[in-house]
Amino acid sequence: MPPSSSDASSAEGPEGRERPREALLTIPRGVAQVDFQSSYWTGLIFVIALFVGGWQFGVFGLLGTLTATVTASLLGVDRNRVALGLEGFCGTLVGVGLVLYLGANWMTVALVIGSAVATSVLTAALRTVLEPYDLPTFTAPFCIVTSVMVIGAPSFERVWGDHQNTAAPSATDPGTAMTWHDFWRGFFNGIGQVFFQDDWYVGLIFLIGLAVASRLVAAAAAVSSLIGLLVGWWLGAQAADLGAGLYGYNAVLTGIALAGTFVALSRVGVVYAAIGAATAAALTAGVTDLFDVVGGHTLTWPFVLVTWVFLAAVPLMSRLARAG
Amino acid sequence: MPPSSSDASSAEGPEGRERPREALLTIPRGVAQVDFQSSYWTGLIFVIALFVGGWQFGVFGLLGTLTATVTASLLGVDRNRVALGLEGFCGTLVGVGLVLYLGANWMTVALVIGSAVATSVLTAALRTVLEPYDLPTFTAPFCIVTSVMVIGAPSFERVWGDHQNTAAPSATDPGTAMTWHDFWRGFFNGIGQVFFQDDWYVGLIFLIGLAVASRLVAAAAAVSSLIGLLVGWWLGAQAADLGAGLYGYNAVLTGIALAGTFVALSRVGVVYAAIGAATAAALTAGVTDLFDVVGGHTLTWPFVLVTWVFLAAVPLMSRLARAG
Amino acid sequence: MPPSSSDASSAEGPEGRERPREALLTIPRGVAQVDFQSSYWTGLIFVIALFVGGWQFGVFGLLGTLTATVTASLLGVDRNRVALGLEGFCGTLVGVGLVLYLGANWMTVALVIGSAVATSVLTAALRTVLEPYDLPTFTAPFCIVTSVMVIGAPSFERVWGDHQNTAAPSATDPGTAMTWHDFWRGFFNGIGQVFFQDDWYVGLIFLIGLAVASRLVAAAAAVSSLIGLLVGWWLGAQAADLGAGLYGYNAVLTGIALAGTFVALSRVGVVYAAIGAATAAALTAGVTDLFDVVGGHTLTWPFVLVTWVFLAAVPLMSRLARAG
């Protein structure tokens, strides 16, 4: 993900005179990179949001970030990537996701550590594979590792013993009539669900964190959350799922990625980003149905797949250009 | 897909003095490219076949072709590809497929337009990914978009309201004893099912359209339909499915692709194409079983996968060579 | 897979004065390459192990090896690869796998021949695709062909008539308390299950065969089998499955591949190989659950996926290096 470093200190690099401080800042930067940001202030606000959502999300998210970052350092991955937090963000999501699905216990601690190590290896492997196409790995390592863990978990007695009920809200509250309450909660939750959070005020804190990094990014996130909500509503999705932000978070990540971060801003580029965000929302149902069959979860698969496709198409389209 | 342009006008290119006429011809060429042809006469006969199969197949097929072609133009895809119809054929199949599965209504009109836009982006993305291996995208963009739409559709009340029952014929008519009636219908339907058609006379019109473009291609299609039928019958497939051409259409596309279109004609090459057609037929059951679990459909996945594999293998085999 | 040729004659190449003998030795070498070895003595011991496991495994394994090797020769694949057995080993596994799942009858003979032809084409296709990343095809062609055949088989009356019950041992013998009996049987079966064998003495013969080729390889196999067993036990897997070696064989192949065969031996490299073996064992449950849904089998998918990922990551990690 891109070095959109809004804080001056990152320009010094990890070799600077403040190495211990730099090493420490790698952790909040890793958390911020979930949303493509490298500002540690954004990361700190994100960490606060996680703790507001629940102590376990904060603790396991930090554990995952730390483990993934340290593994990458030990294996000798490029230092700049580590310093920008690019080796941490998949670990963050693995930590938050596994504690949500498997419960806060010591077995989950061990699994988060093991899975964060796996995301580091997977990140390097995907970088090799995607390098000829100039595509970033996005959250794919997190999606792969978490899918595998969650699908395999019921086979392991000690892993599955404490698992949580994570059925979609519509399972207990069916119906497609969206209320105003669903609408405004869905708007904020679309931003919070990137980190599996479904309290509207947690989503708001994440939005503030994004605005600290860049007002453009915050605007892209807000508009994309709205697009996801409206696409889901128009197609006739379950209102409770819309209110929980389940149609928003993949649109949010896709919108941020395509609007200025990886595709150059232009009139056609903005339309392209909006189509991408809408596609990610529409794809959500298909991916959810697929994973339901095997006990997996949607995660950020729709974002990863849609954004890879939309980025890979850019070089063949003369009206569009890659950013940076 | 290849510029096997049998009509002289295509050599003039879209820059010629007859631009509006050329632009219009892009549409029948797009329909013809489903079977790798760029003759607009073939495309017109295919359109007639679709309308004979049912007005909705003709109308939605043309809508999809038009949308995909216009999207590619607006995004700035290479003009030669657009002129040859290479940006239209996935839209054709999306239109025909979605109206079959979701019914002829205004929601399907909107979905066909959205899906055709997605196939354009996906075509460009796959071209980027497949370029190092010199593999065409084939109908993969159609397969991906339609699979995603159909698997996700039950989650959307407004999309699924009018859906059609599209169980295999063997669901209501089980048994593996193939009659003469199954056999000759299956032969023609194997050609028609490329466009989801299961009336033998519609298959016959498609065969005539192919013969107009090239007698070799028509012969390859006929022989491949027969191979698919015989492989399915020998393995003990359901007779009603054989009669509906369900084991034929992937063999037909694979056979045309490998016999002269993308692999140079030779004695070994023809045997290779026949093995490819048989493999596509044998693979059909596996793909169907896979998609049944999640409510998807076989589409032309077996053709896409088998032909990619057989083409990617060619450079390492000294007895075979790519065509063109 | 690598030319770790421990027997001098392989250096002469197939052009040498002993061509018929060389051609014949291609077959045991193909069997040995399942475990990355090119020693024909190892291959002969492996063939003995298969016959000890059951005459049908020996006969169908040899049939598959022969068919795949001959197909590759006829299609003009590079002679050195053929001579080293690299075109045979997927055929071996296809033969053993299909006779296990579909029974020893003439239909299976035909299917093994057809499937072995398909593995040859698929091997060449995957070599083309993986070449830019310098990754071997491993047993992926076997996994793909066998998965497709087994998933599709129930649709074909003549194929499925004689199929075997191949439920996991835990289906009839549930419980997670591992006994000493499970433990030591699981250790040997982890090596035998690479070839679908679940008699401890068959696993022992395979281990002897490996030791003939290289004591390092045999040690890597033994340690990896232990790692797989312990990871499965720690996570709380079913004891009967552990005893049958189901958590061991993917770890064994991954361990051999990463410890010296494809990754250079070093302190970090050995730790990396151990993590890889543990990952393959942990992944086994997820893959099994996935395939259970559609009637497929785990095969050596976990090994293939984990080893591809761990090898692709190597170039970006300064502490690791590829072997050879």
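Which chain is which? They are A, B and C, in the order written, and residues in each are numbered from 1.
Quick note on the criterion: a contact is a pair of C-beta atoms (placed from the backbone, for glycine too) under 8 Å apart; a residue touches a chain by one contact, two chains touch by 3 or more.
Values in this document were obtained by computation on a predicted structure and should not be read as measured data.
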Subunit A to subunit C, fewest steps along touching chains: 1
Same-site or different-site touching of subunit A by its copy subunit B, using the half cut: different
Mean-CA-position distance for subunit B and subunit A (Å): 36
Multi-partner residues of subunit B (at least 2 other chains): 132, 293
In the complex, subunit A residues that touch subunit B: 132-133, 176, 234-238, 268, 272, 275, 278-279, 282-290, 293, 308-320
Parts of subunit C lying in touch with subunit B, wherever the complex brings them together: 74-78, 114, 117-118, 121-129, 132, 147-149, 151-161, 293-295
